[in-house]
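Both complexes shown next keep chain A, but they swap its partner, so chain B is in the first and chain C is in the second.
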Partner chain A sequence: MLIGAIVAGVVFGLYFTLVGLGLNLVFGVMRIVNLAHGDFLMLGGYAAWWLLSAFGIHPLPAAAIVLVVFMLAGLPLYYLVVPRLQRARDSEMLSLILFFGLSQMIEAVTTIVVGTTERSLPGRLLGIGPMIVLGARLPKPWVFSAAVSAVAVLGVYLYLYRTRLGTLTRAVMVSRDEALATGIDIHRVSAIAFGISLGLAGIAGVFAPFMLGSITPNIGVGLNITAFAVIVVGTLGNPLGTVVGGIVYGVSLMLMQTYFSSWANLLPNLLLIAVLLARPQGLYGRRVRLA
Partner chain B sequence: MRKRGLLPDLLLPALVLVAFGAAPFLYSNELMLFNFVTFLALAQGLNIVYGFTGYLPFGYVGFYGAGAYGFALAVMHLHAPPLAAMAAGGAAALVLAVVLLPLLRLSGAYFAIASLAAAQAVYEVVSNPALENVTKGPYGVSLSGVFAPRFSYFVALAILGGAFALVVWLRNSRFGLALQAIREDPVSAASAGVSVVRGRTIAWLLSALVAGLVGAAFAWHISVFYPDTAFDLGVSIFATVFVLFGGATTLTGPLLGVLILYGVYNWIGITVPQYFQFIYGALIVGLVLFLPNGLVSLLTARGIRVP
Partner chain C sequence: MNIRGALAGLVLAASTVFGARAAPAPAEIKVGTLYASTGPFAAISMPAYDGIKLWVKQANAAGGVYVKPYHKKIPLKLIAYDDQSNTATAATLYNQLITQDHVEILISDSGSVLTSVAVPIAREHKQLLFDLSGTGAPFFSKDNPYIVLMSLPISTLWPKAQADFLNDVGWRAGVRKVAILYATNDFTGTHAKSLAGYLRKAGKETIVYDQGVPTNTTNYSVLINNIAAAKPDAVIELGYPGNDIAFLRALQDSGEKFRYVFTLFGGFEMHAVLGGAGASAMVGTFTYIPAALYPYKVNYGPTVEQFHAAWDKAYPPGSGVAWGADGLMGYMSGLVIERALATTPGMSQLDLRRAVFALSGKLDTLAGAFRLNPVGAQIGEMTPMGQLRADGPHAVRPVAVYPPALAMGKPEFGPRSGQ
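Let's turn to the complex of A and B:
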């Protein structure tokens, strides 16, 4: 049972890496907290549901469509709000409030358009029956979603470390001012990172109905806390550290569900508070969290 | 010190208290009036911590819910008289605030999210079916034995008076000035001899106490409620929007926010709450971008002192 829980935890953790990845990328590059991340994820889930029920499109091509559409939507959104935010005195705090407002708007519109009914996608689309890994019985859709997440993480890695734009992005992450002084077009780099972040949220959303069971318009707030817990446990501002955070979160979630199932919902909240308080300096000593 | 501003600071709350004291005898929808008083008090309570220290707890509703359940548990298990149960509600919120004191070590955005996580955690505990014997879990509590709508309305009004008094005190005292100095620049304030930790701690506890007492009054007035209503994130959102809309650190700002926004909310009716969720979300976005210090900043930016 212990090994089973750990294996399932790693699979879940890979998925939650994807949930937090975009949020962390935006934080790393722009030093703002996109508190509407979970709501973009929710929108991705509804997009997958709509593409399937209206056009019969399988979730895998749907994920590609969602990725492109969300990335393109991210660019104008970036230019609309972020440069203005960054001129403010306390941009981190203000961004939190602003995106909180955006999150409320998205949730409201989604509720008006699709109602509050729970939506789910048939799991058989991603394979039938369980898959046995090290004696653990895992539903095939979980394994499928985890595999897509791993591909997405790899994609972000290749982007950051093997392309010119990725190098520029990392330069902005290390020091915004020095990057500006070197002549890097910060807004272009940031806008693309913002687009990628929304695209990642969208893909995570496409698989949310399989991983979370079903989706409703109000899952955004809870997912925001989860995503934030994941990236805080990993390292804030380091997208690849998200993998560590995701797996720690996934494994502890599965252990909680196995041994203290009625208290499992407490986990992301407690994990977030505990890590914020116990390791306020972060894994790489970036002192961004302390007052 | 700044005696000039004290008179309007006292007049405005007095006016509000008299108006809402007379209102139940002139207008029959007492629940709506009660909700107004609730939000007026919550907005001033949030004003204490946000306006004077700059910390914005998204999980402010956690104290409100703790107060409501403190009241309910005292009535259900100890058969306490309502006023004693009110004290239990306030105490529950204070205990939660003391437990969460370490959160004040975090800077703004992390504090906001951690407080939200804390409120969710308390909700998960209270609404957990495993605790049905203690809190009645997700099935809600019924306190019909102590139901007293008129009396509890005036208790809530008294709490509003207390919240007003706290804000007036902060606006006109040396301590309040020290808090604002901390908000603007903690390092300089500390080097000028201001105790940063003590200041923030007191503001945090007072703010939590107000929310806890309001929550207890809510539990008393409404007498049947569920964890979903006592820990409704909407309470945090409303209080935050009201304070931001009007402008923090003043008495007028949160007051205007409640009277205008909550007034419109009740006037149009709440058949489709999502429209308001949308409008409030849009308001938050617009305010952050164009008027980050609220409505009153239109006056204060021109050097006019607003109570």
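Let's turn to the complex of A and C:
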């Protein structure tokens, strides 16, 4: 049971890496907390459900469509919201309030449009039955989703470390003011990062029905809490630290489910408290944290 | 007698005559309820609210409901607030319905969690709570006359059908070891505890796994692996629709086979669970057969077929409102309230209670026999055990298998088919 729980935790954690990755990218670049991140994820799930039910589009091409559409949607949303926020004295706190409101609005509108009934995608689309990984029986869709997460992490890594735009993005992450002083168009860089973040949330949403069973308009809030725990454990503001946070969360959750199942929902909060007390810079962070 | 004495006598006589007359009929009967448009209980709350709305709409289309104390039909006015699945919000809103809106009829939100906060508030204000589907046993006590459970048997009684089934048919089919996995909330937690109690009391099957998980659990793969390690013959999962969908999908993906698999909402919200888990994950599983899926004989109100047709007309398929047990319970509760108003001796809350209790044992509605015990808990409307069979490649149909008096087919144990 122990080995099975650990292996399942790693795979499950890789999916939650994808869930938290975009949230961390936005915090790293813009120093704001997008509390509507989980709701964009939920919208990605509904988009995949709609694309399948209305047009018969498989989740994989649907993921590509969602990625592009959500990235494009992120650009005007950024210019509408973020620059104004950042002109405020306490932009981090204001971002919490504003995106919380946006989260509530998205949930309410989605409820009106699609109702509260659970929606999902047929499991057979990503394969039915178990896959044996290191002796552990894992659902094929989990392995599939974890693989997509790994590709997304690799994509973000290549973007940040192998492209000019990525270099500029990292410069903004280090110091927004210095980046501005050196002539970097910080709004262009940030808008693209915001778009990527929404795109990643959208992809995570496409696979949510396979990982979470089903989606409803209210899943966003819970996912936000988990995603926030993942990125704090990993390191706030460091997108690649999210991998560490995701795996720690996944393994811890599976161990909790195995040995203390009734208490499993305390895990995100326990991890948050433990990391903030013992290592506030996160498991992957340096000693001095800018947040 | 002087003039003053005569006038006093006249006033006394007049006040006696006019005082004896009934109070003037109100322009409307106010029905107050809560619903959860968002949050974890939206899936069971919204259909129930839609059922209540349908009842009010139909009643008003017929000129209102007949209210005996006023000897006339009076329109209903539905006052409903959104508690967003939040118990604190619900508590405030229940208070508002009673103290600000002065509703004559108070109906709780769906399910035990959102009903739990209504029980003490209604009791404190001496307002009868029409408990829609909160089956939690602690709600009912001898010293609280201000509650009646309209639908579903009380949670301590409900699981007896399954325990009897396992001890009888299951035992003969070779079921010896049972695993129970439940969501830790008032409803499924009490249900699991009662079920385990019945099984232990019978002393036949051994419970080899009995674990609770948070109600917001969405991944069951490791839990199923852990259950499989205990080698049970029967696996009973008790949760809300989201739990059941996630569980059934994980079970299918795991490749594990058990002789008997039970989910609660596989029957209660069959269409919703079908949409999430898919037919192949549900075929062969056992569940309770709710009234929405069983053709009870009625002596009051529409049959389930007639109600289903009315429901589809009001909420066409694809409108986002799923047909299922919760909608039926909301509507049926309205029907019983309507009957109580037509027979109540007065409009006080205790008069209404007396009227509802007078209906106990006399009504057979589309939800089954309406029977209350002395503390207001429902002891009729027992849900038969059923099994889901394939109905084409993408659908399932429920077959009642126990008790024999209600059975419409024989149970099939063994590895689940359809995979």
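The criterion applied here is as follows: the second predicted complex is superposed on the first by the 279 of 291 C-alpha atoms of A that agree within 3 Å, B and C clash if a C-alpha of one lies under 4 Å from a C-alpha of the other, contacts with A are read in each partner's own complex, and residues count from 1 in each chain.
Heads up, the rule we're going with is that a contact is a pair of C-beta atoms (placed from the backbone, for glycine too) under 8 Å apart; a residue touches a chain by one contact, two chains touch by 3 or more.
No experiment lies behind these values; they were computed from the predicted model shown.
When both complexes are superposed on chain A, chain B and chain C clash. In the superposed pair of complexes, A:L277 makes contact with chain B only, with no contact to chain C. In the overlay built on the shared chain, the residue A:L14 is in contact with neither chain B nor chain C. Legend: residue contacts after superposition of the two complexes on their common chain; A:D90 is shown touching chain B, with no touch to chain C. Residue contacts after overlaying the shared chain place A:T216 against chain C, while chain B stays out of touching range.
When the two structures are aligned on the shared chain, A:S262 is found in touch with chain B and with chain C. Judged by the touch definition given at the top, the superposed model places A:F100 against chain B, while chain C stays out of reach. In the superposition on chain A, A:V251 makes contact with neither chain B nor chain C. By the touch criterion defined above, A:L168 lies against neither chain B nor chain C after alignment on the C-alpha atoms of chain A. Of the two partner chains, chain C is the only one that A:E118 touches; chain B does not reach it. In the superposition on chain A, the residues of chain A contacting both chain B and chain C are 107-108, 111, 222, 262, 265. Of all residues in chain C, only 37-40, 42-43, 45-46, 85, 184, 211-214, 216-223, 225-226, 229, 241-242, 245-247, 249-250, 252-256, 272-273, 275-278, 280-281, 319-322, 419 touch chain A in the complex they form. Residues of chain A that touch chain B in their complex: 33, 35, 81, 84-85, 88, 90, 92-98, 100-109, 111-112, 221-222, 225, 228-229, 262-263, 265-266, 268-270, 272-273, 276-277, 280, 288-291. Note for the complex: chain A touches chain C at residues 1, 4-5, 8-9, 12, 107-108, 111, 113-120, 122-124, 128-130, 136-142, 209, 211-214, 216-218, 222, 253-254, 257-258, 261-262, 264-265. Across the interface of their complex, chain A is touched by residues 54, 56, 58, 102-114, 116-118, 120-121, 124-125, 128-130, 186, 233, 237, 240, 244, 272, 274-275, 277-278, 280-285, 288-289, 292 of chain B.
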